[in-house]
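Same chain, two partners: chain A is paired with chain B first, then with chain C.
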Partner chain A sequence: MVIYSVFVVNKAGSLIYHNDHSPSRPEVEKTFGYPLELTLKLQDERLLVIFGQRDGIRVGHTLLAINGEDVSGTKLGTDNEKNVMDVLNDQSNYPISIKFGRPKLSSNERIMLASMFHSLFAIGSQLSPEPRSSGIEVLETDAFKLHCFQTQTGIKFIVLTDPRQGGVDAILHRLHELYADYALKNSFYALDMPIRCELFDTSLQTALEQAEKSGVYSGV
Partner chain B sequence: MAWDPCNKTGDKHEEDVPGCGDSTWLVMTVFNLYIFDRNGTCLHYSEWNRKKQPGMSREEEFKLMYGMLFSIKSFISRLSPTDYKDGFLNYQTNKYKLHFYETPSGLKFVMNTDLAAGNMRETLHQIYSSIYVEYVVKNPLYELGQPIESELFKAKLDNFVRGLPMFATKSS
Partner chain C sequence: MESRMTSRSKPSILDKPLSKGKGDLNLSSFAFLFSEMVQYCQNRVHTVPELQQKLSDLGQHVGFRILDTLFLREKNYKREIKLLNMLLFVKTTVWKTLFGKEADKLEHANDDDKTYYIVEKDPLVNKFISVPKDKGSLNCAAFTAGIVEAVLNGCGFPAKVTAHWHRGTTYMIKFDEAVILRDKNMEGR
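Right, the complex of A and B next:
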């Protein structure tokens, strides 16, 4: 039972807290011979696999490292000089060892996704066939389940978990409690601003670990 | 005193809401169904038990629904911590549940039900394979990308949904 991450979104839709509790994302490292049978495409400043899925490397995976050197964007290594596409097209570099995996979210992307969810939440309520519906409370995919709790003041607590995790309502209410204790009762905290409080982080970690261990959070 | 579901929140009692005031309260219902093609055109829409209109024209509602689904798919592809096979399955609010099924050809089936419905993926797949494929794809007069005009398709779909074990209108 894994809890992947926690997001807190204020009433304007901006992200004020996030926590990645998950283990790292899947990565695959393989050695390739010339020519490379995967088709790569530059998208969003990253090189993505768009064709040639094989051996654990899926479409949508990003090129993370070549021969142990991390890739950032299209440049290789810390000196950021060599262009990755040039390296891959040069036959003399083969056999070459390349690491692919799901890209880690940058902080800008996280902020953008949080705002995106804030809007989707509202549209879910608007398109409802029943009157007085709330927004999206649970969103299910086959890889994860997203739970959202909106308080009366418009703050949203969003938790991404394994689809089989139980007791997430208790976790969400516990988060609200922690928010009230460590953010709202803090006289130096400005409302709707990012939450930077060590006590909040540590109590949140404890609550998440307890929930993961038991599979169901008992609210204690 | 029998529990009157219409007065539990103190709102206006509507004369034409079937089942109000009765003690029977059947729980599972299907509200409506949308079918979109890969370009976002709404090929078909039916409703059975819808109680709230969205306050915009049908055209706008279709565009908003398709846009929302497209955004949700993009959202989960970026947010997902691991690789996935089927992607977005469903979401629920406190009043309804939206089930989603997309075929490899980009055809999207969207069904709104109440919260008591379980997994409708199989049902949506059946609607695709035994109704859409049979009465639309195999129809030589049907133009791809156009809204479905076939009365036979609409009748078959209606019978199928009404025959679902989870479908029930509130009895009067």
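Right, the complex of A and C next:
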């Protein structure tokens, strides 16, 4: 029972806090022979797999490392000299070991995704056939569950958890309490700004760990 | 006029004895008020020591006013004359009235006769405040230090009280020379 991450979005839709409690980015490393059966394409300064899904490597996965050396953009290694596509097209480098996976989100991407969710939430509550809808509360996928709680003031607490995690409502309310305590009562916190309060961080970590521990028992 | 005639059976508020008062207040209310106080001072100063001085001044307002009621209620009108008893009074009674618990430790400085320390691990006023890095040494317990200073000054023990980050929060109380001399003379008698 894992809690993957926590996001807090203010009433304007911008991300004011995020915490990656247990990052779970799947990574697969495999050895390949020439020619490479996967088709790679450059997108957003990253090389993505667009065809040739096999053995755990799916479409959308990014090239993360070659032979242990990390790939940044299209350049290999720390000296940033060798172009990755050249290395892959050169037969003399094979057999080659390549690591694919979902890359870690950059902070810009996180902010963008949070704003996107904010808009979707608004659209969801408008589309609802019932008046006074609560907006999106749970979003389920086969890999994770996204829970959202909107307070009276428009602040949204979003928690990404394991699908089997129970008692997430309690977690969301506890997060709201912690926000009211350590962010709002802090003289140095300005409303709707990014939350940079140590006490909020530490108490949030403790609350999440507690929830994970008790989540095990509720799952059984 | 009319209401007083009809409520003759109920004693008017001026006839009732002075009550001890309900001593309890919602922590959140106080926390929000204190957070506003710090922000108010913050907007009027330019440096951290000035901010601590302003908080201390606000504390002194509180200290002056609470001193008389405390002696009236707790000590039955008897005022403290000896230094150590006065410090114990501050540590136990004043803290208990203000925060609901006693201060953790009262200590005497090894090298300096005039300096005493009150140590508190987790002051109530700092409970929800995370000081950002650029404010460095700010300790909002300067407010409590102001309260203690006003109490001591009002009782005839002139002193300077400051708050420091040491073993939690330490209030350093520096008495005037005259106070120590007077206390020593009294011991001698």
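Operating definition for what follows: the second predicted complex is superposed on the first by the 213 of 220 C-alpha atoms of A that agree within 3 Å, B and C clash if a C-alpha of one lies under 4 Å from a C-alpha of the other, contacts with A are read in each partner's own complex, and residues count from 1 in each chain.
Heads up, the rule we're going with is that contacts are C-beta pairs under 8 Å (C-beta built on N, C-alpha and C of every residue); 3 or more make two chains touch, one makes a residue touch a chain.
Treat the numbers as computed from the prediction; the structure is a model and nothing was measured.
Participant: For the overlay on chain A, clash or fit between chain B and chain C?
Facilitator: When both complexes are placed onto chain A, chain B and chain C end up side by side without any clash.
Participant: As a test of reading the superposition: which chain, chain B or chain C, is in touch with more residues of chain A?
Facilitator: Comparing touch counts on chain A for chain B and chain C gives B.
Participant: Report, please, how wide the angle is at the C-alpha centre of chain A between chain B and chain C, in steps of 10 degrees.
Facilitator: 110
Participant: Of the partners chain B and chain C, which touch A:Leu42 in the superposed model: first, second, both, neither?
Facilitator: In the superposed model, A:Leu42 contacts neither chain B nor chain C.
Participant: Mind working out whether A:Ala122 is in touch with chain B, chain C, both or neither, as first, second, both or neither?
Facilitator: neither
Participant: On the A-aligned overlay, A:Ala12 touches which partner chain: chain B = first, chain C = second, or both, or neither?
Facilitator: neither
Participant: Looking at A:Gly60, would you say it contacts chain B, chain C, both, or neither? Reply first, second, both or neither.
Facilitator: first
Participant: Does chain B (first) or chain C (second) touch A:Met193, or do both, or does neither?
Facilitator: Neither: A:Met193 stays clear of chain B and chain C.
Participant: For A:Gly135, using the defined touch cut-off, is the partner it touches chain B, chain C, both, or neither? Pick first, second, both or neither.
Facilitator: In the superposition, A:Gly135 contacts chain B only.
Participant: Between chain B and chain C, what minimal C-alpha to C-alpha distance in angstrom results from the superposition?
Facilitator: In the combined three-chain model, chain B comes within 30 Å of chain C at the C-alpha level.
Participant: Write out the stretch or stretches of chain C touching chain A in their complex.
Facilitator: Within the complex, chain C contacts chain A at residues 28, 31-32, 34-36, 38-39, 42, 128-132, 135, 140.
Participant: Any idea which chain A residues touch chain C in the complex?
Facilitator: 180-182, 184-188, 196-200
Participant: How about chain B: which of its residues touch chain A in the complex?
Facilitator: Residues 31-32, 47, 49-52, 54-55, 61, 64-65, 68, 71-72, 75-96, 98, 112, 114 of chain B touch chain A in their complex.
Participant: Can you name the residues of chain A that touch chain B in the complex?
Facilitator: Chain A residues touching chain B: 4-5, 22, 25-26, 58, 60, 102, 105, 109, 113, 116-117, 119-120, 123-144, 146, 160.
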